[in-house]
Structures are given as C-alpha cells and as structure tokens.
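Two complexes are shown next, each including chain A; its partner changes from chain B in the first to chain C in the second.
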Partner chain A sequence: MVKFLKMLSISVREGTATRKYPFESPLVTPEFRGKIEIDPVKCVGCGACTRICPPKALTIGNEGDEIVLKYFEGRCIFCGMCAYVCPQKAITVSKEFELATWELGDLYDEVVHTTVKCRICGKPFTTVKFVKEVEKRIDNKVPEDLLTVCPECRKKLTARKIGSKVVGVSGE
Partner chain B sequence: MSHDYSKLIDELSRGHRSRAILSKILEVCGDSVLDLSRRNIVIKIVIKAKCLRTALENIYKEHDLYLRTIAASDERSREGLFKLYYVFGIDSEGTNLVFEVPVAEGAKVDTISDLFRASDWYELEAHDLLGIEFNGRQMSRLVLPEDWPENLYPLRKEVSVEELKKMYQPQLISRVSELGVEEVVRIPVGPYHPALHEPEYFELYVRGEKVVDARYVGFMVHRGIEKLAESMKYDQVPFLAERICGICGFVHSTSYVQAVEDALGIEVPERAHFIRSIVLEVERIHSHLLWLGVALHLLGYDTGFMHAWRIREKVMVLAELLTGSRKTYGIDLVGGVKKDIDKDKIPRIKETLNVLRKEFKELVDVAMSVPQVKARLTGTGVLPRGEARAYSLVGPTVRGSGIARDVRKDYTYAAYHYVSFKVPVYTEGDNLARTLVRVDEVFESISIIEQLVDMMPGGPIKAERWEPQPMRLGIGAVEAPRGEVIHVVLTDLYGPYRWRVRAPTYQNLQAVPIMLKGVDLADAPLTIASIDPCFSCTDRAVIINLRSGSVKTLPIEVISRRVRGNG
Partner chain C sequence: MLAVSDGGKPDLTMSEFALNKLEEVFTKLKRSVWVFHLNTGSCNGCDIEVLDVLTPYFDVERFGIKLVGSPRHADLILLTGPVTIKTIGKVVRAVKAMPRPRLVLALGSCGVGGGIWFNTYATLGGYPQLEKILKDAGVEVDRVVYVPGCPVRPEAIIYGVAVLLGLLQPKSKHRRVSAVEG
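Coming up: the complex of A and B.
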C-alpha cells in the first residue's frame, strides 16, 4: 500500500478536531489568565498596580475630591503583574476572555476612593483607606505630618525646618 | 609582544582559542587597547576606534569566531561619547569576546562588513538610529522609513519618546483635515499585507523559471521598542520583550532577564532555571510544529499542515496549563519566574509528551513519504557551509549546513547543563536538511522536558532581592526555535539604559538571497520559509521577468502552487 494513505486511518481515529465554539464551551485550563477583577473593599488605592502595569492599563489619579483607580481592558495584556504585586490581594485574575462589546464604556472598571485632604493646602493627596492601612501596619506610630500633609507641602515644611536649624547653628 | 602581556593573557583567556586571539590583538594593537577584563564568560576589550579594524583583520579568519551582535549606545551624558559594543562568540569554548569602542560625536569608524558580512545591517542600523558614521562602505537607510527627516536619530538620548510619537502626527492631521472629518483610523494595507504573516518584502529577479537574484526590503514595522524600554522599569520590560515575536516570545523575555541578571550578578534559584528551560522547550516544540505545518502548506500538502497543527494544539494547551497563557506566557521576571509548576501538573506533562511523541512520529513518517514533499525539499535552496559560516548564521539554518552551533550547548544557560541531548546536524544545506534538523529537535525537546521534570529541585522560584547599579554591561543569549537570540543590556537605576535586541532572523535573512540564487521560482517561498523567519513575511511578492520585461504582482501562495516549468 502507498504509505501516505496511512493519513486516512489517522484522520478516522482523530475525528473532527475543531470545536463548535461558541455553541460548545472553549477549552480553557484552570490556569488561564483573563481579565482582572479589583475588589473595591480590599483596594486601598496605593497605586502599586499602576506602577508595575507594563501597558499602563491601570491608572490612578485625582478626579475632583476623589481618587480613582481605572482599569481599561482595551490596553490590558493579561500578564497578571498587578495581582502579583498588590499588597492587599485586592486584584484577582479571572478566566474571562470574551470581552467584545459595542460600548467602549464596558471596557472600563473604576474604583473610587474617598480622599484625605492636606491640612496645609487643602488638596486631596491620598485615600482614607490607605492612611488607615498604614496606621494599622505600623501600629499607629506614624508621625502625624505624614498622614495629614501632602508630599509637596511636606517638602516645604522639611526645607523650612532644616533652614531654621541651619540658621540657628550659624547664629550661635 | 612584550612579556608583561603574557601574564595578563593567561589570566583572561578561557582556552587556547581566546588565548591565540588575545595575543594577536595585543601584538598588533597593544597601544590602542585601553582596557582588558574578564567576567565569567565575557572577555571585554576596550579598544580605540582607529585600531578596531586592524585588530579584527588579524583575527577574522580564526575558526569558530562569529559575530553575535553589535550594540550601539549613546553615552554622551556619561562620558561624552557614543559607544559600540561588538559581541563575538567563540563557540568551542563558549566565550563572548566584547570589543567596546568609544566613538566621539562626528568621528567615523572603519567598517568591518567585508570581514564579518553579518555586520552589514548592524552598521546601517547604528547609523539610522544613532547617527554613527562608518568609513569604507556604502551607507543607506535600513530601519527608518524613507520619509524620516535627516539628522533625527531616534535612539539618541535627547530625543524623547513623545517627540518621536509626534513624527507620525503632522501627516495624519493634515490628512484628516483634508477629509473634513474629526476622527480617522489609518489602516496600512499594502504590498506588505500584515494579515496572517509579518511584513517582509522580497523582490525575486527571474530568468525563465530560475531565480537569478533576490533583494530584501524589511523593517516596515520597526516599532522602536528599544527606545520605549528605556522609559520602563526592570520588571516591566520582560512583558514588552515577549511581544517582539508572536511565536517565540518567551526566548526574548528570558534573554532579557538573563542579560540583566548577568549585568547585576543576580543569583537565580535553580528551580526558576528549570521552569524557564521547560517552558522554553515547550515553546520550541510548538514553534517547530507550526513551522512544519506552514512548510507542508507551502508545498501544497494541506493534509499534513492540518495534522501538524492539530498535534500542536495539545502543546498550546500544555503551555497554558504551565504558564497561564497559550502564548506570551508572561512568567519571566528579573531574578526568577513568577509562576511555579506544581507537582500535580507533572503527570499531565508526561502524558502530553507521550501522545506528542507518538503522533508526531506518525505524522513525520507519513508526510516525508509523500513523493512530492520529498522531491521538492531535496536539493532546493542550498546554503553551502562556507557561506553559513561567513554570514555568522544561527539556528536550524546553520545546523542544516553542517555547523553544530547551539547556544544551549555552547554558552549554556538556565538548566541545560543538567540534561543530555543531541544537537541535530545535517550537512546537505538544502531545505530537506533544515526540515530534518527541526524534526529531530522536536524529539530532543520532548526528551529534555522529560529529564528536567524528573530532576526538578525544590526551593524558591525567585531571587528575594537584588540591587540595580548603573552602567553595567550584561549579555543574555537563548537558543530560540529559529536560532540564537541575544540581548545586550546596559543597566541604569530603574530600568535599562540601553537594551539591544537581536533576533535570529536578523542574522539569517541576510543569507536568503544566497539560498534563492538558482532555485526554481516555485521553490522560492519554501526556501524563504526554510529559515523560519517567524514566517514574518509578505503575502505578496513582485515578479519581474527579465526576458519579457513584464512586472506582475501575485500572492506568494500562488507562486508556490505553480507547477515546475521544465519538470
């Protein structure tokens, strides 16, 4: 027999390889990385995920009096780094991958945080939950300035302190 | 040569080849060598630009020596100079010989493209992206588009990513205003149709049915990711690197992290090395199956194509099980990996490999017995051994021409030194040889994974902490399915200062015109595909008939299905 006809018996043995997706469920292993889900209760808005996110699908910023963590699925590469670095374990990687939609808005997820306002300039600079988390983690021993003054005002404050010390020393 | 050199040479050399090379260099240009040092397998020679050519003229005939990559970098902010790093490999002793060449702004470097033919593109690219000038050769544009302004060199540090992004805007804005609409999406559809394959463009010059010459035009989608990485953090770049290639992405992320680990001296836990090796081999199997399918398809044997991809699907599912994704695995981090291979997955791995071995053997037996397949692979697209050496070729392309060059053996990395495996070599240099190299490699890879899985040590999968330091040079090389991938990294505090990527196709494509000369037109697509250029290619090719003067455009697949003229 001509050898290449052996393929016929292989084909009969294997049958149809193509799955009838979407009528049949797609083959996804338990390890599959799909879109991420952010637990708004656990999230404290620290922004660690936004700093590691390679395609910048996660962003954090001030919007009025609130700080908003935004997740845009359209940019997401499903690498799971955000879940890997999240100190609060607020991000989980789901198995969802059927993300096509008619509405661009469907591709955005947002977590809105209430903010702490700087006691000097009045600008919101961090989230209430983040401050609470920091206090919890280091046992309420945080200097008060760190929790109530924004980084920029703190810089000025420190500069002034150093300045007065230097002046003090030279005045002696 | 004065006698004080001999002690230095003893200290630095890693074998008799590097000893011979070092003593020759010191003999002819001892005065121009500014510094000599060695770290692990890397011997670094800092040499004045004016003496580089003289040094290389004296050593280019050395057996085993080949050009791995050239990285150009803008270090004017640090030392007021540009720098060129020429990385050569000495296969037999696994040594990297790096020439660090400081180049003042506006100074010219002598070309080495006649000594090491592979350097042709590297020099053109260094000129395109950094404006480094070379003496004694013709310069033309390689990477940048034709309408790019003169004297704007994107990899120079003073050019910002934002500025580069704007380079595409003026044209777009004027077009949009011409159209009188507010928003337009521009989709390039052209002679390089990016539908399924990647864009490349070959011009084949034919006389009758025979190809007499070939010209390649590429870099149509040069994305500037090396520039982009300079603004990213260490642990973000692996994900960018992985997207260089849609088929063998993991080799790029591994190559990058290895380069950083080499530069900063990071100790990677053994278990991470094993996981990387396992995933790399899984990737090789899927890539070779994909290639075999495409090759059979180009030969018109679609049954084989379908079955190759049916078998490949099992590998894709296995990859997803091990890493979380079918492709772009996303588990490499500097200092280790981020996903472990649990014990309960091991039976599944072994089971898949057993099925794979059986079914792949079945497929190869049948496919190779098809008379047309065998006839069209045999004796076509011949690449002689000498040419393969002269062009510093890599991967199955060079192994099909009788040179056993394989990074896994020569410059061993990850966990490959724990396993025993053969490097398949065929000497005929034709398309059949390159096919058989890949077929054999699939079986070797299956065996490698089986060995690794059995030997896998416990322990952590990532180095706990490491400290970045500025301006350290690191080299990471990985044997990708299509040849050696090599990344050169210069470190900075938060991310790479300069990241030079060299994919195997960059090296191998330069030899395609040689393979094409004299083949029948019908065999040209397969010959081009035989280097496995990620089949990153054109859907279309232009045929110019010298005799009739006609020019016509055909989809590449139509050419491959044409019957041989004189058969």
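Coming up: the complex of A and C.
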C-alpha cells in the first residue's frame, strides 16, 4: 500500500510518458535523414549517386531513347551519401519517413533524361544535360568531334588518329 | 483474437473466400489486431524498433495491437529481415499457420526490397521474392503493406498499421518527371 502511494506521487509529478503520435507531430531531430528528393532541374544524369549508393537503391539505365534515374525508396537505407557526392547538389535529404504503401510501384521515383546519340554508331549513350555541363566546366576546350561520340567509338577514333600520326597509315 | 468463420459454408475455396469474404472480414478487423513478430534474418535494428513500439512510450495497445507468441493466434505478421535461404521453410510454415485473413507488414529496407542484401547468395531479397514462393506453396496472403526505413521508425510502424487497416491513405505515389533544362 505504501509502495503504491509512492508510485502515485511520482506519476503525478512526471505526467504521462506515452507519446500521442498520430495526434501529435513525430519526434524528428534536425539531424534526421528521411527519403531523398531529386531536383529534376539540377540533375544532369551523371550517375555519381548510383555508384556510391550502398544498397543500389539509385540506378541509372537506358529505356529506349531515354536515360532514367530510378530511386527505389523501399531499398534505401537513408545514409545520405548520394546527397554528399552529387556534383550538382541536386539531391536533398528530406525529413519524410511515413512511406508505408500497398503497392511496391508507389515506392519508385524516376527522373527521365533525354539522350545524346553517338554521331558514329547512333547509340544513345549519355544525357543532353551532362554533355552541356561538361562543356561548361572545361570552358568549351573539348574538340567538337569528340563530344558527341560514345566511349566505344571514341577508343577506335583515338586509335585511328594515333595510327595515322605514328605509322602514317590513313585512318580509313 | 478475431476468429473468422465462413458462416456455415465450409466448402468455400480459398480464392472464393478472398473475393467474397474479405470486405466483411476487414469490417471485423477494425476492432483489434494481434501481431506476430517474425524475424527472417534481420540485423535486429527493426526488431528493436518493433519492441520500442510495444513499450509504454509509444504504447500501441491503445489501438488494440497486441504481440502474441504464436502465428496461430495472430492476424498480422511483422516481417523483418531480407528472408535468408535458411529461414524460408520456417517463414512459409509460420505464414501458413496464420488463420485467414492473412496480413503482412513488411518492415524495413530488408523486408521491402532486400536492403543492402538484395542480391546476395544467402538471401531472397525481401518480401516481393518471398511472395512468389508463398504462391507456389499455395499460401495466399490477403493484404501486404510495405514500410521502408532503415531501421523503421516506431512512428512509421504505427503509420503502416494505420494504412493496413484502411484508416489512412498512403502518402507515397509513383513519380516520373522529366529532367527540365535549367
């Protein structure tokens, strides 16, 4: 009985410990990392985020004539590395964590980029915005003939050029 | 516990049950949900958060949610972990032991999409892959809600249960935007 009275005084002093979560705002600290948001204006589609992403929640790939940056929230571990490495600062970490849903498809965010086609083989190989960004960053010093050539064709082109210079064999 | 009787029609097949009786069952389910916690090879991060939800600090018993020791008593399975190969048999048995309607809450990055173990040799990679195995074994699951997070916040679990019971509409929507020149 005495013990019970002791508890009563403590509970009156301390009040209720239970959080009324659905009816009050959740406890979110300033350091909290939730789902990431990709700014489609700033994103150039370089794929730096997809290489650093530990669970490969961010993937980039060709879909026909488009390059699509896919973000699967369901696999994201909310480490924020993508926001750290993004050269364009296009990725921001939001405080959103209430992501529960019925459909797995609802957990996908996609950014669709238009592509540049290789002027030799005609394959889409990179995004228009990425080529523009490269041009801007190195003050238009890239030879015009190399900028819209895919890596495979660029290798062959460079080999031909060296061959024609050293051996004197014509490139064709 | 919510015992669901077929109302004097014992020869009702499982798919007929899912089609005809599910609505009725969910109106009954609005009363109270008993949960069974199923760890399928999780790192224990999500399990600690599940326990956190059950403590007086978050106190889900105010919604009638109660942890039970056997899947035979449960309405809902809290599935954590990326479903390791060794646990598949036990997981299928546990889900099969649940009475209809079977509800599953796939918790955490591992439960939803496999997390950082999405393509290793020792794991299946989350609930979507397990669903195919359950289908092959003839075990039907009536409703699934995916709750991402690594680990899931206790608030996110409460939100997920609310979505599962149809009290809230999910906020997440599939977004496909084209990269604008700027």
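To be clear about the criterion, the second predicted complex is superposed on the first by the 150 of 172 C-alpha atoms of A that agree within 3 Å, B and C clash if a C-alpha of one lies under 4 Å from a C-alpha of the other, contacts with A are read in each partner's own complex, and residues count from 1 in each chain.
FYI, contacts are C-beta pairs under 8 Å (C-beta built on N, C-alpha and C of every residue); 3 or more make two chains touch, one makes a residue touch a chain.
Just so it is clear, the model here is predicted, and its values are computed rather than measured.
Residue contacts after overlaying the shared chain place A:26 against chain C, while chain B stays out of touching range.
Residue contacts after overlaying the shared chain place A:139 against neither chain B nor chain C. In the superposition on chain A, contact of A:17 is made with both chain B and chain C.
Of the two partner chains placed by the overlay, only chain C lies in contact with A:102; chain B stays clear of it. In the superposition on chain A, A:78 contacts both chain B and chain C.
Contacts of A:54 after superposition: both chain B and chain C are touched.
Legend: residue contacts after superposition of the two complexes on their common chain; A:127 is shown touching chain C, with no touch to chain B. Of the two partners chain B and chain C, it is C that touches the larger number of chain A residues. Note: residues 17, 27, 54-55, 77-78 of chain A belong to the chain B contact set and to the chain C contact set alike, using the contact criterion stated above.
Within the complex formed with chain C, the chain A residues making contact are 17-19, 21-22, 26-27, 40-45, 54-57, 72-78, 96-114, 127-129.
The residues of chain C lying in touch with chain A in their complex are 56-59, 62, 109, 112-116, 118, 126, 128, 143-150, 153-156, 158-160, 162-164, 170-182.
Of all the residues in chain A, the ones that touch chain B in their complex are 3-4, 6-7, 10-11, 14, 17, 27-33, 51-55, 77-81, 84, 93. By the touch criterion stated above, chain B contacts chain A in their complex at residues 232-233, 235-237, 239-240, 243, 303-304, 306-307, 310, 313, 317, 320-325, 328, 330, 338, 362-363, 365-367, 369-370.
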